[in-house]
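Look for subunit A in each of the two complexes below; its partner is subunit B in the first and subunit C in the second.
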Partner chain A sequence: MTAELLIFYVLAASALVSALLVVSMKNLARALFLLFVTLFSVAGLFIFCLADFIALTQIMVYVGGVLVLMLFAFMLSNKELLNDLQKGLTGFFALPRWQALIITAGMGFILIHMAINMGSNLPKWVTEAAREGKIFTPTDHTEKHIGLQLMTRYLLPFELISLVLLMALMGAAHLTRKEPKP
Partner chain B sequence: MIFYLTYILSGALLFGFIAAFTLFAVYAERKVAGFVQDRLGPMETGKFGTLQTLADILKLIQKEFITPGLADARLFTVAPVVIFMAVFMGFAAMPWAPGLVPSNLNLGLFFVLSVISVEAIGILMAGWGSNNKFSLLGAMRAVAQIISYEIPAGMALISAIMIAQSLNLQEIAVNQGILSKESLRFLGIWEVADTGGFLSWNIFQAPHLLLAYAIYFVASLAECNRAPFDIPEAESELVGGYHTEYGGLRFAFMMLSEYALMFLTAMIGVVLFLGAWNSPLPTIGSFKLAEWTTGTIWGMCWILLKTLSIVGVQIWIRWTLPRLRADQLMSFCWKVLTPLAFLSMAISGIWRVFVMN
Partner chain C sequence: MSAIITLSLLAVLLLYLGLFKAKKALLPVSLLGLLAAIVLYSIQWDTDAEPLYSGMVLFDHFAVAFSILSLFITGLVFLLSRDYFDSISEHVAEYYALIIFSLTGALLVVSFHNLAMLFIGIEIMSVALYILVGIRKRDFSSNEAALKYFLMGAFSTGFLLFGITLIYGATGSFDLTEIKNYLIANPHSISPLFYSGILLLIIGLSFKVGAAPFHFWTPDVYEGAPILITTFMSTVVKTAAFAGFLRLFLTCFVPLQDFWAPVLLVITVLTLFIGNISALAQQSFKRMLAYSSISHAGYMLFGILSIGAASAGAIFVYSAAYSIASVVAFAVLILVKRSRGSEHFEAFNGLAAKNPYLAFTLSVAMLSLAGIPLTAGFVGKFMMFSGVLANYHIVLLLLAVLNAAMGIYYYFRVIVAMYFRPADREEVTVNANYKAVLFIGALLTIAIGIFPSLLAGWL
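Moving on to the complex of A and B:
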């Protein structure tokens, strides 16, 4: 077993175990801190797909931003509210257990179906690209490709996302504004 | 196998360096504080108190591990390790000399910034795990400050990246001296790729980067939680901030990561703006000073000298300026530094397209 394979299995195992613990743990604070382990291991798995930019963005945005915000929200909310949360979710956005079961079963079916269909053969488009030499190596500059693609082929989606973000920013600024005195 | 041994060895060397630097920096800090406040500082242990920090660390290592009774013991134990690992991982991509870098990453700067942002999680862990209101308040203030100041710091760094056209820290370093294969122009006019010296540093290739560097330096002070931005551990109001409950070796790790972060942020500034390991001496006629003072040993000397002088300025500022109030701190970040950082980013774009082509 090579060292790369060993690291891959360690990362995959820690991602799975910590994710399972996050959903099953009763202590909300610890569950949130465990989510950090999950996100970090998934970032490691992204590196194995040669998506180093995505991996680092995941750490920066999810660990350094979203997770910290979640912790802030958790620490600033009062105890009563948290107790309600821990009893179980009810209400409009809550997902009852049977719906969750359907979603997970569906995802599991897709994964197993793909694994059986593909077997040990790579799909045709992968082997063709490999024959033509259109592949990335670990030392390639992936960020240059991402930048070029974002500015040419995916320009419209990119601009649309920036508009959505701008709207969110304006909404947040509006919500925190003080009411003008009558 | 040799391959992995080198990795482990370079990691151990870096750790040794950080520990030695922390010992030296704590001593320097106390001495500078003494001189600024017109007293002597530590004088008893060793000649001029030189063995003082060594005695301190010996005391800290011997201390018992104390976990408060109502604390979340696991989070409390893990927090110092997470904080230190976040800072320590950042050193992996920092260049030390021509051809000498622990890991030559294409996304070097992005890697360093994203692993530093993990520190916030460690601080929250320490604050929550201690189960103490002063710790929790200190942690929340520290994290709010770190997240806010990441924005102007990031924007200032991006304006340097736009000039350097690379995220690889070693490449950025090479493109600021005589080893560069591209044309470098002092203030965008005078070709200095063969002259080298301070003329080819990024801040002189594009003078608005001086503004960007000033923004980055102020923001880096805030990110290290150092005065005048040391509200998170304001002793007079918050007892000790997020590390109120810590003692012994765990507290030593907190201090280690604070000083390591000071060195790391100073080093990022040096690499991006102040010519990294390039010599500040330009070639004058037949005196090829730039060529004579470029090399592995020279490179390490220059980058250490530059970084340590920036750390010196950080220490000097800590003992000179008074502490800012929390609301002043936030309005300074969002209303002064952030717009200025965006301005310097815009100038970078214009400079790159119209002057450097």
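Moving on to the complex of A and C:
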């Protein structure tokens, strides 16, 4: 087993285990801190896919921004409210867990079935690109290509994303605005 | 494309109008903007459609017809909004702007030619709705609806995105033409990624259109949201989501029909039965309409199930008929709720004696939703069922007819309440905008019912 493979398995295992713990843990603060581990491991996996730009974005946006915000929200929220949350539903036969189980099992079945069927048959366009030598190596810079694609082929979706951002701002303004009491 | 740019700018303009407290100008300006967009689309009708912007959008007849339908229905919803939002909040401009933004997303969903655009269109459409559903901040059920819709929407977006990713993995492209070419070029060696991708896309899109067993958010969200927003959601958004669903399957996935048709068949039958049987048991008119919208999703799924040259026309006529009738039904509900404070069937008792006009238009809408001949709903159901009969066996058609019969029962409950249950009540005041919308709705329903070629010739 090479060192890379070992690192890959460590990252994958830590991503899986920490994600499972995040959803099963009753204590919200601990779950939030475990989310750090999940997001970092996933960022590491992105690097293994040679998607270093995505990995950095993941760390900057999710770890640096979203998680810190969530921690703030957690610290500023009402303690009584959170205690209620921690009680939650107990017992394996509680209905919501059954639904979650069915959805997870279905999704898992689809993915595992796909992986078994696929075997080592990569899609044709991947093998063709590999034959023509049109592949990335770990020393290549991917961000240049991403920038070019965003400014040429994907310019329209890139511009339209701004609508989503504008609406998110409006939503935030709406939620935080003080309304006069009726 | 110019229509989409116009609408985006219109929404920003509305925000500025709100900033300068020009409340009176909001409604006329929005209606003018919608009219301009309809004109811009109609000009495009006869030009040869080519994919624009590196194959991102394609304004063919399909896209233009569904876009004009969405714009028209949004116009009706806006007409109903006079005095409606004022009672909720002082910041009305934002609600107008958000509805326009959501409409822009819907227009992108009906005209996408690249899976990236489908995703962004659906996101623009839904993010605006997450906010709109929760605009009554002090109302508990509105908050619940917003949170539920947001969580379910985010969850289903995950499925959709995963499906798109797998399709990309198999074909190496987001472009609909490329995906179709891939299927045609390799009919026997399609990657397993592709099959899983289709399954996940079906799940994600079923969530968005509210088909069973992914429908569980629909009743609560439709009930908790302000009535006008429910109207918008159950007409424009549903139509757009179905048009996107159909466009994806019609352009790309027809060669694999043997694979996905059984999955969709199960979803369709479940949707029909769950929607109709639950609607039978409802006491609240609004909740009944929510469940009936689930069952209408089931009927519209027939159009995708029996996919072919005729299915676009069938879904177009069906969604037009359903949307127009729904707008009328919700408009009457707003008025009744305003005067009686209740959404139950009893609130409609004796409406015919005091407000014959309201009772008549609502009856026309209900007949259309139930699919009685000489109304638009019948034409829609007829086109849908004849497609099923041509492609599928008779058992499915019998199931559909059984469900239509169930529909007649619960739609007639409100007619019976209005005409045959006497009750002491004062007259409901109706302003001119509502009168106009009810008139247009009833007129179009009957006109399409008698002259189906008005709409059926479009696609």
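Basically, the second predicted complex is superposed on the first by the 163 of 182 C-alpha atoms of A that agree within 3 Å, B and C clash if a C-alpha of one lies under 4 Å from a C-alpha of the other, contacts with A are read in each partner's own complex, and residues count from 1 in each chain.
Everything that follows uses one rule, which is that a contact is a pair of C-beta atoms (placed from the backbone, for glycine too) under 8 Å apart; a residue touches a chain by one contact, two chains touch by 3 or more.
Small disclaimer: the values here were computed from a predicted structure and weren't measured.
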item	value
Greater residue coverage of subunit A in the superposed arrangement, subunit B or subunit C	C
Partner chain in contact with A:L16 - subunit B first, subunit C second, else both or neither	neither
Which of subunit B and subunit C A:M118 touches, first, second, both or neither	second
Which superposed partner A:V63 touches (first subunit B, second subunit C, both, neither)	first
Which superposed partner A:F33 touches (first subunit B, second subunit C, both, neither)	first
Which superposed partner A:L169 touches (first subunit B, second subunit C, both, neither)	neither
Partner chain in contact with A:L6 - subunit B first, subunit C second, else both or neither	neither
In the complex, subunit B residues that touch subunit A	4, 72, 74-75, 105-107, 110-111, 113-115, 117-118, 120-121, 124-125, 128, 136, 140, 143, 147, 150, 167
Residue numbers on subunit A that touch subunit B, as the complex places them	3, 29-30, 33, 36, 40, 52-53, 56-57, 59-60, 63-65, 67-68, 71-72, 75, 139-143
Residues on subunit A engaged by subunit C in the complex (per definition of touch)	110-111, 113-114, 117-118, 121, 123-126, 152-157, 160-161, 163-164, 166-168, 170-171, 173-175, 177, 179-180, 182
For the subunit C and subunit A complex, residues of the former touching the latter	8, 15, 53-54, 56-57, 89-91, 94, 97-98, 101, 104-105, 108, 114, 116-117, 120, 123-124, 127-128, 130-131, 135, 137-138, 166, 169-172, 186, 189, 191-193, 195-196, 199-200
